[in-house]
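What follows is chain A paired twice: with chain B in the first complex and chain C in the second.
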Partner chain A sequence: MIFADIIFVIIILITLGGALMTVLSGSIIYALMGLVTTMFGVAGLYIYLNAPFLAMMQILIYVGAISVLITFAIMLIGPLYKKPKEWSYPLKFILAAVVALFSFFVFAKVILKTQWTVLSKPFAISTKDIGRLLFDRLTFPFELISLVIVVAIIGAVMLSLYSRGEK
Partner chain B sequence: MCDTIINIVNIVGKEVVRTVIGLVGVFIVVLGNAIMLTWTERKVAGHIQRRIGPKEVGPFGLLQSFADSVKLLGKELLTPANVEKPLYFLAPTLIFVPVLVTFVVIPFDGFLQVKDINTGILVILAFSSLTVLSILIGGWGSDNKYSLIGAVRSVAQNIAYEIPLLLALLPVILMANSFSLRDIAEAQRGAWFVVYQPIAFLIFFVASVAETNRTPFDLPEAESELVAGFHTEYSGMRFSLFFLAEYTNMFIVSAIAVTFFLGGYQGPILPGVVWFFIKTYLLVFVLLWFRWTFPRVRFDQLLNFSWKILIPVSFLNLLVTGGILKL
Partner chain C sequence: MTGIGLYNSLNVYLFIGLALLACGILGVVYRRTLISMLISIELIMNGAGLNLVAFNRFVAPESAYGMAFTLFIMGIAAAEAAIALAIIILILRRYRHVEGAKLKEMKD
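Let's look at the complex of A and B:
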């Protein structure tokens, strides 16, 4: 059991270290690298919890797609990397602190209120089960999410068409 | 001696020993493949251009790659003054992670596989995204405009071509009903999936040429306009790591294409692993052939081809496959 605990602690350290790097680093590209590290840490947690499909999806979507898109956006907005840290704006700092504390208390409350039950045997759910669940019991939320994505795609297409000067 | 080995195996467990031996094998294949491919590429290029290619070092110039790698090892590692040091050093290392992880799940033969993971293809696709990330931080960290332009192009290209790549693999996953590469190879005992999915095979192959940044889609490192693209500022061993990763990626995409569409290690008479390497290197040869046959495409052609042709066609292919399977 001690081996598993060590691995758990390492994964947690990776996740938290990445998160701290994201928040505290002055350069936006290092913040992104921190984010990627955190994503890998979370994927590690999924593997630790015996959910390899979720872990791979986590890496595929958050590292492969979202982080790469963020980097792309950073490269398009110009050389920010030599700017000093932005501690000098008190209003920004206070707003950020308020948002962070609020979400911290919400999450803490939820975690404390939930009745956690310890499973007697390891939790195992196959990719097939997830697929069945998505198209059976969770069809409505699944379709709703795809609707959101369709709206986003149409919005993006419209924006790019307008900026090109076409109708 | 033998007892000690058995003792060690018993202490650390069979699975760990198997994985370690597998990883050593992977390293041998990666290095051997890169050395062979540099030689093959120069030979193929030579013959296509009616030259002979390397011929001085060793028989048929076979030792040329060894001589080159010794030269690269001996070169001074220059670090330009303005680079972002951590990112600059991280990039060549990071580009090797996906390469090694991918090899773990590729089935070279029925039992010759480091580990059969039941989400095998997802592991490959997930970790291959690290390649583009390391190209990005390498290009960004170099603090050089050619590198940056190369990196930006590489992202646009990778985003555009990862979608048809995924969509071309999905029909095969539907047909084999599994994410595991061994199951997919086993499912082709009767007929290869290329028979049922010729369009998906073509789409996958085109997209994988783009994903490996090979000509005609080599805009991230277009020599004639960007010096060397994202790896302009790298020299010596750091450059050769990028180089090694490129050649290994060629092998990997060919190996995936073989596993998914060409029956993997299946074939008559010869052992499976021989068949696997024959098929894979045939596809790699086609990649080399592409490079010396087609001119580089323009950037808008590249993106339009993916978004306007490959993606709609692969969606249609997926839809038809799903429909036929469920009828």
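Let's look at the complex of A and C:
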């Protein structure tokens, strides 16, 4: 099982490296590439958590849909060399790092102090079970999510159409 | 030959989700343009979904609610990205920039 450990550590490094590249890179398009890397890493972690359906959905929705949406927005904003650099003055970076590290250590303390009741049962949830749960118990939230997405798409179209005339 | 079994412990996944959360907070506070802040919010949502699936795998292994809610989070993230990008395009059309710190008309 040492091979699985090596692959797992590589996936963790991909995830954390992508997250750091997202935050610290100088331009928006590099940040987006870092986000895609992080999403692939999280998909690998889902596979280690015995959830291959969620890994496929992660790649399809996040990498396939949301990244393309953000890429279109970056293209609509225009050439990047006319925009100011992402690096602002260093005091702001220090303060932001203090805030992030403070939240990190607070939650790390909470995680380490809590005694989680980890059950050692074998985990055998298939895609069929997820679908049965979605269409049996969680039917109302599922339909509500679809309504939210329809309203969001209509709202985005209305926002970008009706502001073109005014100015 | 048995490895250390790193992938069978809950705390590893919780710390990865926590690292994603910290990176997202750093990005939201520190980045200048609105699109970078949106990308950082997507990082936070990834961490939340990872936490939910890890709790479903280790604490409640006989149900699938965590996975279903991770699917819901993905749908919410898609809707939120669509609306936020429409608002960013509107801000670009009206003010000719997308910097978060320069949007201070409501502050005066």
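The rule is simple: the second predicted complex is superposed on the first by the 119 of 167 C-alpha atoms of A that agree within 3 Å, B and C clash if a C-alpha of one lies under 4 Å from a C-alpha of the other, contacts with A are read in each partner's own complex, and residues count from 1 in each chain.
Definition applied: contacts are C-beta pairs under 8 Å (C-beta built on N, C-alpha and C of every residue); 3 or more make two chains touch, one makes a residue touch a chain.
Source: prediction; values computed, not measured.
By the touch criterion defined above, A:L69 reaches both chain B and chain C. In the superposition on chain A, A:I59 makes contact with chain B only, not with chain C. Shared-chain residue A:I125: touches chain C; no touch with chain B. By the touch criterion defined above, A:I47 reaches neither chain B nor chain C. By the touch criterion defined above, A:A97 reaches chain C but does not reach chain B. When both complexes are overlaid on chain A, the residue A:I145 reaches chain C alone and has no touch with chain B.
Which of chain B and chain C touches more residues of chain A is settled by the count: it is C. By the document's definition of touching, of the two partners only chain B reaches A:M33; chain C does not.
In the superposition on chain A, chain A positions 53, 57, 65, 69, 72, 76 are in contact with chain B in one complex as well as with chain C in the other. Those residues of chain B lying in contact with chain A across their complex are 84, 86-87, 117-119, 122-123, 125-130, 132-133, 136-137, 140, 148, 151-152, 155-156, 158-159, 162, 179. The touching residues of chain C, counted against chain A in their complex, run 1-7, 10-16, 18-23, 25-27, 29-33, 35-36, 38-40, 42-43, 46, 49-50, 53-54, 56-65, 67-68, 70-72, 74-83, 85-90, 92-94, 97-99, 101. Remark: chain A residues 1-5, 8-9, 12, 15-16, 19-20, 22-23, 28, 31-32, 35, 38-39, 42, 45-46, 48-51, 53-54, 57-58, 61-62, 65-66, 69-70, 72-74, 76-77, 83-84, 86, 88, 92-93, 95-97, 99-101, 103-104, 107-108, 111-112, 116-119, 121-123, 125, 129-130, 133-134, 138, 141-142, 145-146, 148-149, 151-153, 155-156, 159-160, 163, 167 touch chain C in the complex. Interface residues of chain A facing chain B in the complex, by the touch rule stated above, are 27, 29-30, 33, 36, 52-53, 56-57, 59-60, 63-65, 67-69, 71-72, 75-76, 81, 126-127.
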